[in-house]
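After this come two complexes, each holding subunit A, first together with subunit B and then together with subunit C.
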Partner chain A sequence: MMSEADKKAHRWVKFRRFTLPYVYLLPAFIVMAFITFYPLIYQVIISFTDFQLKDLMFGLESPNLNQVGFKNYIDIFTNALPVQNFEFLRILTYNFWWAISNVALHVPAGVVIAVLLNTPGLWGKRIYRAVYILPVVIPPIVVATVWRNIFHEQYGAMNQFLTAIMELLGSTDPVRLRWLESFAPPIKWLLPNSPLPLAYYAMMIANFWLGWPFMTLVATGALQSIPKDLYEAASIDGASNTQQFWNITVPLLKTAMIPASVYGFTLSFNLFAFVFFFTGGGPARSTEILVTFAYDLVRNLNLFGVAAAFAVIVFFVALFVFLVTNRITRATESYTEA
Partner chain B sequence: MTIQNAAPKKKNFIIRFLNINTSKETSGRDLPLWRQLLLQVLTLFIGATVMFPIMYIITMSLSSQTTRPSSLQLFPKEISFVAYQQVLDHPTANPVSFIELLRNSVVLSTVVGLIAVFVAVSAAYAFSRFKFSMRQTLMVMVFIPLLMPAIGLATPLYLLLNSVRLADCGDGVMALAPFATCAVGAGKMVFNLRDSLYGVGISMVAGALPFAVWNLKGYIDTIPEALEEAAAIDGADANQIFFRIMLPLAVPQLAVTFFIGFIGHWQEFAMSWLFLTKPKDYTLAMTLYNMTGQYANSIPWNRFAAMAVIVALPVAIIFIALQKQIVGGLTTGGVKG
Partner chain C sequence: MKKPLFVVFSLLLISAFVLSACGGAAAPVAEEPIAEEHAEEPMEEAPAEEAPAEEAMEVIEVTFWHAYGTGSAEETAMTALLAQAAEDMPQYKVSALQIPFDDIYNKYRTDVASGAGPDMFIAPNDSLGDDARAGLIADITALADGKLGDYAPLSVEGMSVDGVLYGIPESLKAVAFWYNTEMMPEPPATTADLQAMMEGGTPVSLSYGCYHHWGFFGSFGGQIFDDSWTVVAGDGVADAVGYLNDLYQVSVENGWPKNDGDGLAPFTEGTVAAITNGNWAMGDYSAALGDKLAVAPLPAGPGGAANPLLGVDGYYFNPNSANLEAAIEVALYLTGADAQAMMMNDAGHVPALTTVEVTDPLMLGLLEGFGNAYVRPQVPELGLYWSNFCGTDQVFEAGTPAADWVAEATTNANKAE
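And then the complex of A and B:
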């Protein structure tokens, strides 16, 4: 028989075991309640209002604040915002295209260069590996400003470089491409819904420089974990180098490269600092992505209600992207485990 | 070793000489010279494209001229530290010293990183080790903010932080909004949480905390439970296990999580540029943007380049030192979490 005191002690132990996990969660959840969950709810509330600069002093108690229902959402989808050059669908298309076209270039380039660097007997491997990692370690802010400078119409290295090449070909006219200002799309049939200006290609070049080294880094790690005897066995069986690449290297790299691609995709999709510093979304919002437009709504246009509605929409886009990419990673995980 | 080795090697003196000099990795197979040279041309070309923008900015930073070179110039013609000296002496047109900017950046990044890691670790432990009702729901709740791009939370944080203001109503009476306000039309604002480094710090923690929870949970999941079980058999209770066993084991990962956060916070620009208006609160990243701002034709290019090098340096050093951990943490942790 348990005494009354024992029973009490027992109940206390049980209670503690029951509450302990919540005690451990408490610090994080208290902080998040104030600075994450409450703001998220607040965001939804103001997304149904016409919150503007004049309401800033009084917040939700502001006498000028009107409940507008779904007006902000409808305005965004029907491009009825008082904002120049805004087309929701065009920005959305461009944003997806931007992320996909980046990853589609970075991953193959990264893998090929990693394989190249992994060639047995290549001289100066370590030096190359050390040099190739440099773009990854430089802040995007700096990368974007440096490349913006390179693409300058008059002083930029790119036009000077092209001029030098044209001189070799016999032309004396200096090349004066307006990389960041020109609006006319050089390739008209590409993405007709959202014409890609010259600035897009400039950004692709700069972001390519920034993006492939990370993929090489991941691929090199994965390559080094592939057992050497697989290749030896294959070459004894008479497999050529190309066959070895497609039948051993590529399948075994998949496990590492798919999560890396997913990471690269999300990163490019929300690449705020780079886009903001490079073109600021210009010219005429043609290189704007969702996050830079959301920023513009708050910082320059001060349309807080619209910005909140826009952020809610961005959230659902992000959720969609996550569900799709998560499915891809899960599917490949089970494939590799099988 | 392999069939290829059976082929007669061209034992040129130069090749043998170079072979001796290369690293251990080369001992397996020899490359035919023509392939080696072909690959060298390729790798050197790639190396040149990588180095090009870096050399461009370094050359510019070592110039004493504030104008951009009018012809392509990759190697410094002169080595002058005038630009660095000027940036350190007088970084912007505003009366703010380099030390203040540096302090703002360092304190902001460090404090935000530390708070995020220390608040997150116990939650990460709970998610990793305890079974309790609502576990799934609570995990999703921590996860949801991670989906949101940092800018997504900017609007409500701006408005909420902006509502915390301290006003001087005169006669020694202070009023802290939103709890109390001065009489209508009276009062002078002395402090606005939004327009301060505290406010920016708070909004940065909001982004950093969920990431820290997930990154640390992923790591704790990989620590075998045997040690904890042994301690439990010896009579240690849950708290002792956490503080005496788990925390010491997690220290390396706490450091890695902190540094990953630090890199991000050091470059943080969006929130600070949105929230802060006073030049004395500016961070280094903001200063860099400020230098290229609206007056694009009067940018002192050598000083801008010197500032870019200064901003890039800490991030580059941390990244190179922690390469493996950072890449591993981002790809596996980022996807599983």
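And then the complex of A and C:
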């Protein structure tokens, strides 16, 4: 039987065990309180007001600040903002399509390139791996500016390249595709409520250059962790290279590629700098994504309250995306189980 | 034994975070006098005979932002002007910082709202009304009283909101039609002439954008606002947008530049005959084309003369500034007769000061165009134009009929009421 002193000591140990993790977490919480939670809460508060330039100097203390309830949210959902050519559902649809189509292209390409570069006996593997990481480390504004110039109607390398090809095929007319300006969708039936102009395809090309190296990097790491014995055993059993790829490589890559795909999706979904500097959301807001529109509301239109409401909506959209992808990948399972 | 130590260390670290976060203002207060002592002590302790007279003078630093593009004629002229100011006003140290034009207003606003920002900045009066009403620009009515007698009343009016003065005017600016006399001996007098020229193959770099479009509304008898600032864009504006759409399609077909940025090189290199742009670009055009450069008003149309937006560039002052009077004195120097003559000759600025003699034919041509200009109103409703009439891609590229687009823009703009 435990004495009173032992019981006290036991309770103290128990209390310490219970509180210690929170003590360790406290510094992070304090920092986050200032740089994350405070701006978030402030944003939610101003999303229920008509906060504009007039209130910037005094913030929530501004004598001109009016509470408007859910008006900002209703105006966004009903397209009633005093902003031309704004349709919330169209932008949301395009945003999802943009993220999905990018991931659908980057992941298979990344895996295929990683498998090719993983070929035994291939020379210069280290150089390839160093070179293909370059797009990942170049700032998005530089990438967007360079690619914007590449797609320039008159002086861009893309039209010059296409002109050279057309010359080989016997054409003498220069190619003058208006990549970033033309509104007419080349494939009319694709995404009917948000027609995809040439600018979308230009962005896809540029973002492919930006996106596949990361997927290749992840796939390369995962490929190297697959035991070679499996391939040897399969080979002895008479499996062809294709069968080995589909039955060994692909299933064992899934554990690494699914989280990478989710990361790629999230990144593309909120790819602000690239979209903003590449097309600015044009032509006619057809390549606008949620975050670039929110920025436009603040920067050009000074509708801070509406922009805050828009950002809150973007948060819930992102939360939905997170919950769905988290269910697919079980990314946080180990933490919740502990 | 180690665990308790670690816990103590963690608690100390947390305390340090809390104290740093809560007591941010305390440290500088303790440090500032030390820094000042270090700065001032050597001057005080040095023997009087060793200290030059200039060192004894208190030098006030005036921080100043501008948005003149790197390497542009405006930036070159401003740099020279500031060098001259340093010689003429040794009591002031003007620290200039170039901010990209697209960012200058937002950066200024956020800096001022957080208690910082430059002492002054120069920019067009694009958003003076909004900024002044928001308290982001200092009221200088009393401080500048009696000092602006020689400035054009129009320019002083452009620096004022509801009778309160918020800036020192520097120059006037509006969009005009610049042409190369070697390629285009006579400018188009009417909108029909311009269309005929472009359709006939004369390369013109027309700038398509809602700021540049405004002048054409007058040519077609259109107006955006009525007297009570309600958006009433109707047939005249729709006709103007339809006309601009026709010209846009000609530009697209011929691969001609469609904005002033893209048009700069072709115009200065002599591959396009004309360009529409504001007089801020005159220095660059003049340096490249010399005597071949000429300017005319935007063409008149069936509705009358073109009426481009007339803006006033001026120096504005930060309400947080501790050197407001010094900044105003510097601004008055930078807008003085010699300074404005320099900016006029080297950068194409149309002086706000009436005592500056204008003899340059280009300047006289600009002033002719300014006669019909629409003075940029400083009312909050002007924002409705920028948020609803700038998406002309919808007409030019997506094929929406101009009349429908204008009607939709008008409806959207009036939703705000």
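Just a few scattered comments:
Here is the rule we use: the second predicted complex is superposed on the first by the 296 of 338 C-alpha atoms of A that agree within 3 Å, B and C clash if a C-alpha of one lies under 4 Å from a C-alpha of the other, contacts with A are read in each partner's own complex, and residues count from 1 in each chain.
Definition applied: contacts are C-beta pairs under 8 Å (C-beta built on N, C-alpha and C of every residue); 3 or more make two chains touch, one makes a residue touch a chain.
Keep in mind that this is a model prediction, so the values were computed, not measured.
When both complexes are overlaid on chain A, the residue A:K54 reaches subunit C alone and has no touch with subunit B. In the superposition on chain A, no contact is made by A:L168 with either subunit B or subunit C. After overlaying the two complexes on the shared chain, residue contacts for A:N302 are found with subunit C alone; subunit B is out of touch. Once chain A of one complex is fitted onto chain A of the other, the partner contacts of A:A5 are absent, as it touches neither subunit B nor subunit C. Within the superposed three-chain model, A:P27 lies in touch with subunit B and with subunit C [touch as defined at top]. Touched residues of subunit A were counted for both subunit B and subunit C, and B has more of them. Contacts of A:P283 after superposition on the shared chain: subunit C is touched, whereas subunit B is not. Of the two partner chains, subunit C is the only one touched by A:P82; subunit B is not.
In the superposition on chain A, the residues of subunit A touched by subunit B in one structure and by subunit C in the other are 20, 24, 27, 31, 56, 59, 299. By the touch criterion stated above, subunit C contacts subunit A in their complex at residues 7, 10-11, 13-14, 17-18, 21, 106, 109-110, 112-113, 130-131, 133-136, 252, 255, 383-384, 386-391, 393-394, 397-399, 408-409, 412-413, 415-416.
By the touch criterion stated above, subunit A contacts subunit B in their complex at residues 17-18, 20-22, 24-25, 27-29, 31-32, 35-40, 42-43, 46, 51, 56, 59, 113, 116-117, 119-126, 128, 131-143, 145-150, 152, 155, 157, 160-161, 164, 209, 213-214, 217-218, 221, 228, 232, 235-236, 256, 259-260, 262-263, 266, 270, 272-273, 276-277, 290-291, 294-295, 297-299, 304, 307-308, 311, 314-315, 318-319, 322, 325-326, 329.
Interface residues of subunit A facing subunit C in the complex, by the touch rule stated above, are 20, 23-24, 26-27, 30-31, 34, 53-59, 80-85, 153-154, 176, 178, 181-184, 282-285, 299-302.
Contacts from subunit B toward subunit A in the complex involve residues 1-4, 18-19, 22-23, 25-26, 28-31, 36, 39-40, 42-43, 46-47, 49-54, 56-57, 68-72, 119-120, 122-123, 125-127, 130, 132, 135, 138, 141-142, 144-145, 147-160, 162-163, 178, 202-203, 205-206, 209-210, 213, 238, 242, 266-267, 269-270, 273-274, 285, 288-289, 292, 301, 304, 308, 311-312, 315-316, 319-320, 323-324, 327-328, 330-332, 334-335.
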